[in-house]
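Paired with subunit B in one complex and with subunit C in the other, subunit A is shared by the two complexes that follow.
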Partner chain A sequence: MTTLRPILSALRRHKIAALLIVLEIALAFAIVSNALYIVVGRLQRIDLPSGIDEPGLVLLQLATAGAGRGTVASAQADLAALRAIPGVESATAINSLPLSHSQWGLIYALHPMRTFSGGVQAPVYFGGPDLLKTLGVRMLQGMSFPPSAYRDLTPQNAFKIFVAARQALITQAYAKRLWPHANAVGKIMYMGETPVQVIGVVSNIIKPYISANAHDPGNYYAVFSPFRAAPDLNAWYALRCRPAVCPRVLKAAAGKLQAMHPTETLNAQESFMHMRQRYFRNDRAMAWLLAGTVLALLAVTAVGIVGLASFWVQQRTRQIGVRRALGARRVDILRYFQTENFLLATAGIALGCAAAIGINVWLMAHYAVPRLPILYLPIGAVALWTLGQFAVLGPALRAARVPPTVAMRAA
Partner chain B sequence: MSLYHLRLALQALRNSPVLTALMVLALAVGIGASMTMLTVLHVLSGDPLPGRSAHLYYPQIDPRPLGSGGNANPEPPGLLTYIDAENLLHQGKAARAAVMYQGGDVVQPPSGSALHPFVVNSRLTGRDFFSMFEVPFRYGAPWSAADDAGAAHVAVISQKLDRKLFGGADSVGRMLDYGGHSFRIVGVLAHWRPVPRFYDLNASRFGQVEDVFIPFNTARALNLGIEGSTNCYGRPGKDLDTSPCGYIQMWVQLDSRRAAAAYKRFLADYSAQQHAAGRFQRPPNVRLDDLMQWLAYRHVVPDDVRMQAWLALGFLLVCVVNTVGLLLAKFLRRSGEIGVRRALGASRRAIFAQLLIEAGMIGAAGAVLGLLLTMLGLYLVRRQPSGYAHLAHLQPSMLLATLALALLASLVAGLLPAWRASRIAPALQIKSA
Partner chain C sequence: MLDMRNVSKIYRTTTVETHALRDFSLDVREGEFVAVTGPSGSGKTTFLTIAGLLEELTHGEYVLDGVDVHGLDDNQRSRLRNEKIGFIFQAFNLIPDLNVLDNVEVPLHYRRGIGAAERRRRATQALERVGLSARVRHYPAELSGGQQQRVAIARALAGSPRLLLADEPTGNLDTAMARGVMDLIEELHREGATVVMVTHDPDLAARAERNVHIVDGMASGIIEEPSMRPAVRAQGEGAFRIPGAED
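So, the complex of A and B:
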């Protein structure tokens, strides 16, 4: 503790410079902790499980022109042809895909509603009896639709019957939202005034588009309806294959569909992994950008510390010589500058904590950024302490090398 | 005198090349980061139709049934139902008005073409779309009012589609096979790329305009599909256009404030009248934003871009504080030299001016390097996957702003150190030296 007093009295004589270092560390700390938190949030979004068996899923979308094309009947023929391709384990049509940005949504409530305004919104997935198997979604409770339950959804009847399904499968997350403490199987929920019976609960599957918050359970709300879908309602074909043969399967499937429909065109042909990559590319780019900025910011802060520390060492060369002449060891001089930097960094971090929380509160008010977990403050603190110690090491070593004779020469 | 200062400053900078280089680099990085992000922000928050945007308005009414409240959004929906769109179009008094939605379908290339069928997006709208937004034509002209009323099978196509299908020739009068129907081409657009694509913010906000334009009435008669959002508020009827489902955007041109106020009254009156008739359950709830208000209301500039801009400004602030610290160290290190100059008769003001010039020179170097870094930053932004990435180019106004910002930053950074150094007492310094 005896070493602190001379340091403090020396800093008092360099108020402006000391204040500048503290300010710079505080700003860097506040920005770095918030930026890191946003980076981690983005990375968590990128890593969200989709709930489907991703590696072995390939997708094709046929764009059809004109009435009477791409109907359910034609889709059945397409699917039969696709199943015949070697390597295809199962195939289905599906109205929309997780992480595809495009969804059919409905609102279900626990009580009959005259309007659609109450209740909990969920995307609706449908396509045919092979849907769950092809996606790799598991039945957890209850049972799936009997084959006789499926009806064809067409552009002509879609308006009437899409909202009129009487049976549904729901995901675990949705079941938990509607009935937190009870088994959902057999329960009734309402689409407007239409009662819909939940006949089974399936494993979670992610929405076509998800909220900014990776931890939002609503990302996994979904309902499955017993409809057959077809390209005339922009349905996709999804094929399950062994990951190793999937690229070949995709190519063969595209060729086959194009040959079967010379006047139509394939709007998309890709693996699900690719679609997922595309969905999160902005998050990935933002994470890289923030990470780069954090590094640059730390580098600039280090330069500032090195610059001011070198200046002090130079200015105090004589005092250092005197101390050395009076018996201070090299390690004492080194410690002196290291302690000084630690004190400045600590003051900066203390100030920075307040600023970090202030910035976070402002970000929460204006942007979809959740509350900064308290854990980020010690992480940021350790980072800046370490940075400060590394930055000051060079100048401090130079100071430690000042020979005691300097004291005499200069005088 | 100032030439003398300049020489002194240069000399001083040359005496400590490493420190000078570090200062220039730190400042340049801060400038580069801020100007990159501010340029992106500037490009994205621009006015897509300068001079006209103040007269273009987006009307909104609220046909939703009374809900349980709670989580319901109090703002009226952004899309109109077919019935309301038709009523507003025919009852409202606007200089020009157009209803519209986005479609997408397959184009069959003309027979004999080597092309395969391909998918294009279309805008299904009225003829006022072209005059209201001053859309430039390369060949032909918009379809006529009679084509609108009679749901004629006519189309306007983009320059890009004209090139693809007809090699860029004047294709007016030729036929376009879109979505399994045949349309007579009446016009070909010249290059038109409003940024953002303000008229439909549900679809790609910074994307290109559609390739095919077809009269709204024709599209409804043929039931051309919707490639956009459809939001239903209640039990659907037998088809889309009789259901309480919003899918239509509408723009009106109102040439004076008085006309805008009158139109807003009309929207409220219409809502009240529908309320009285039992079609609307809610009391009148209307909005009439002009174009720029509409862009702000819909948060057209992505939140990520705003956050990046703030982050970059914070970064610049750190760089400026850093420069203040380094300049202070640099100036005070020369206390002896400054003391001598003071003793030889240089006034405090002269010292202050000299040091500020030195700071300014660092700023100028930082500006040039910062400009290069801005260009590099924008190049990196253009390689990003986001929809607006390709728009990130340096504009002359932002170039000047970069230089000004760098100079300003360095002078602000130089103020405190120069003032502090100019207070150095001459006598003490000479004694110690």
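So, the complex of A and C:
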């Protein structure tokens, strides 16, 4: 049986070495728990559902230059041509796309307001009658816009008309934010002092920009307005097709647009999956970087533990032999070193908890990192305890193999 | 108590075979004080490591307090060593990181069924027995050689062993300290402890009840010292015990 008092007594006699390893474990704990939280957060962001039917969506954006080009009328002609491509199930223009980094946003409130403080910001999507179908967004309540409701948005009238829409569809998340306990359909919300009636609620669709917190419901706030979009407002063309034929459709669509607009260029031609991958490229890189840092830090900590434990085993070879001569079994020696390591790790973890919270407070203040959930502290503790036990196992097994005859050797 | 018959110990390497003990036989009765003597390299220490269950014998039989040790695994040997044998080493072998009291408690940590309070009680009594109860908080480095050996003796006594094995117990002490330690060992013997002491010093050996001389790994002769025998018999048979200890 291993009792703590002799181990603590021995550690008190080797304060500096014990303190160094405790500090190393504390530092590793503090950084690992925060880094782990950030990595998990990034991975959760990467895995966030977009709310649209991703595999069958391809996108093109035409760069327009010069007055009278890329108008709504021209866009309608383009869309008619694109719909004629074999494999295209539906097509629409759209002012901005989820995860595209570019958004049109407005602030809506439950009461008329002269300033924009107190409302809830949401991106506004618009494009035409085929928008929902092409994206794969479902109507949940109410109804969609009647065909007669759609108006053309041009660079000349955009500001005036955009803010004057009287009807809107909103996402389920936005409806729940504005009317947590009531059906949103038929309710009035205000853009400034302009009343806007909610005529329907649609399934959630992710914003063009999402927050650092993957669990933020605001990532799914969105409003749909009854406008037709065109390339002169940097609109995209979105085509729905069967995933298997999408690459061919994209190529054909690009060729057709180039043929129809020989003097203009395509800004983008890609699948939505590709756009999504591009959006989360930094998150993925950050996750790898931090995961690598965590692994390196854990490896350094493990090396430190192995080094100190090996040194102590070597230094205590004679006393291990004496303990064996006095009746300690091999497992008693093994347990001694494992218990010693557990005590050092526990001290390090206790100190590391305070440091982890301190680092998190600093990250919250400087990098908009959310508060570290308390769950990460026990997770980090288990990781460090496990690491310590594995790291000390080699030296401890070497110690357990010290024969009792060592006690008989001349000092 | 200690019955060895035709014990041999052979150390083998790939090229060399060393016979450290050859057909060695010894029977130590309960309550005896036996000195094992011999020149350097004669096999004294090998005898002690086998008697103390620190090593396995190669051939022969060894029965310790009624237990045939042949075939015992490492755990069983450790347990038997812990329960039956108290070691007194030439180099004291105290653990420098532990204070006197903790040092004396060390073998009791490996004994089943002894709680912290009982450990403390036994260790305290053993230290009282060797006259060091005022030094319990001292560390080994703060004690003289003689005091350190007394702590080692207290450690050997704390577990109430059936047999005390002493390896040159005064080898690292000056004359005055050596005399004090030998007086203590003799006193323990008079109280009934079975003592086997390995020494190359004829003066120390003369204080034992019986001498066994080893040469080239073999017992060359057994010399009886009658003057000690009445004292042993007067005490009756039985090992040293800490009062109140039940094993």
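Structure notes:
Heads up, the rule we're going with is that the second predicted complex is superposed on the first by the 403 of 411 C-alpha atoms of A that agree within 3 Å, B and C clash if a C-alpha of one lies under 4 Å from a C-alpha of the other, contacts with A are read in each partner's own complex, and residues count from 1 in each chain.
The rule is simple: contacts are C-beta pairs under 8 Å (C-beta built on N, C-alpha and C of every residue); 3 or more make two chains touch, one makes a residue touch a chain.
Nothing here was measured: the structure is a model prediction, and the numbers come from that model.
After superposition onto subunit A, partners subunit B and subunit C are found to sit side by side with no clash.
Of the two partner chains placed by superposition, only subunit C is touched by A:P6; subunit B is not. In the superposition on chain A, A:A229 makes contact with neither subunit B nor subunit C.
Legend: residue contacts after superposition of the two complexes on their common chain; A:I21 is shown touching subunit B, with no touch to subunit C. In the superposed pair of complexes, A:A347 makes contact with neither subunit B nor subunit C. The larger set of touched subunit A residues comes from B, when the choice is between subunit B and subunit C.
Legend: residue contacts after superposition of the two complexes on their common chain; A:M275 is shown touching neither subunit B nor subunit C.
By the touch criterion defined above, A:V163 lies against subunit B but remains apart from subunit C after alignment on the C-alpha atoms of chain A.
Legend: residue contacts after superposition of the two complexes on their common chain; A:G327 is shown touching subunit C, with no touch to subunit B. Taking every C-alpha of subunit B against every C-alpha of subunit C after the fit on chain A, the minimum distance is 10 Å.
Residues 16-17, 20-21, 23-24, 27-28, 30-31, 35, 38, 63-67, 69, 113-118, 155, 159-160, 163, 192-193, 263-265, 267, 278, 281-282, 285-286, 289-290, 293, 296-297, 300-301, 303-304, 307-308, 310-311, 314-315, 363, 366-369 of subunit A touch subunit B in their complex. Against subunit A, the residues of subunit B that register as touching in their complex are 19, 22, 25-26, 29-30, 33, 64-68, 70, 72, 104-106, 108, 116-119, 177-181, 223, 225, 232-240, 243, 303-304, 306-308, 311-312, 314-315, 317-319, 321-322, 324-326, 328-330, 332-333, 384-386, 416, 420.
Those residues of subunit A lying in contact with subunit C across their complex are 1-3, 5-6, 9-10, 13-14, 318-319, 322-332, 403-405, 407-408, 410-411. The touching residues of subunit C, when paired with subunit A in their complex, are 45, 48-49, 52, 54-55, 74-75, 78-79, 81-83, 87, 89-91, 93, 95-99, 102, 105-107, 109-111, 116, 155, 159, 167.
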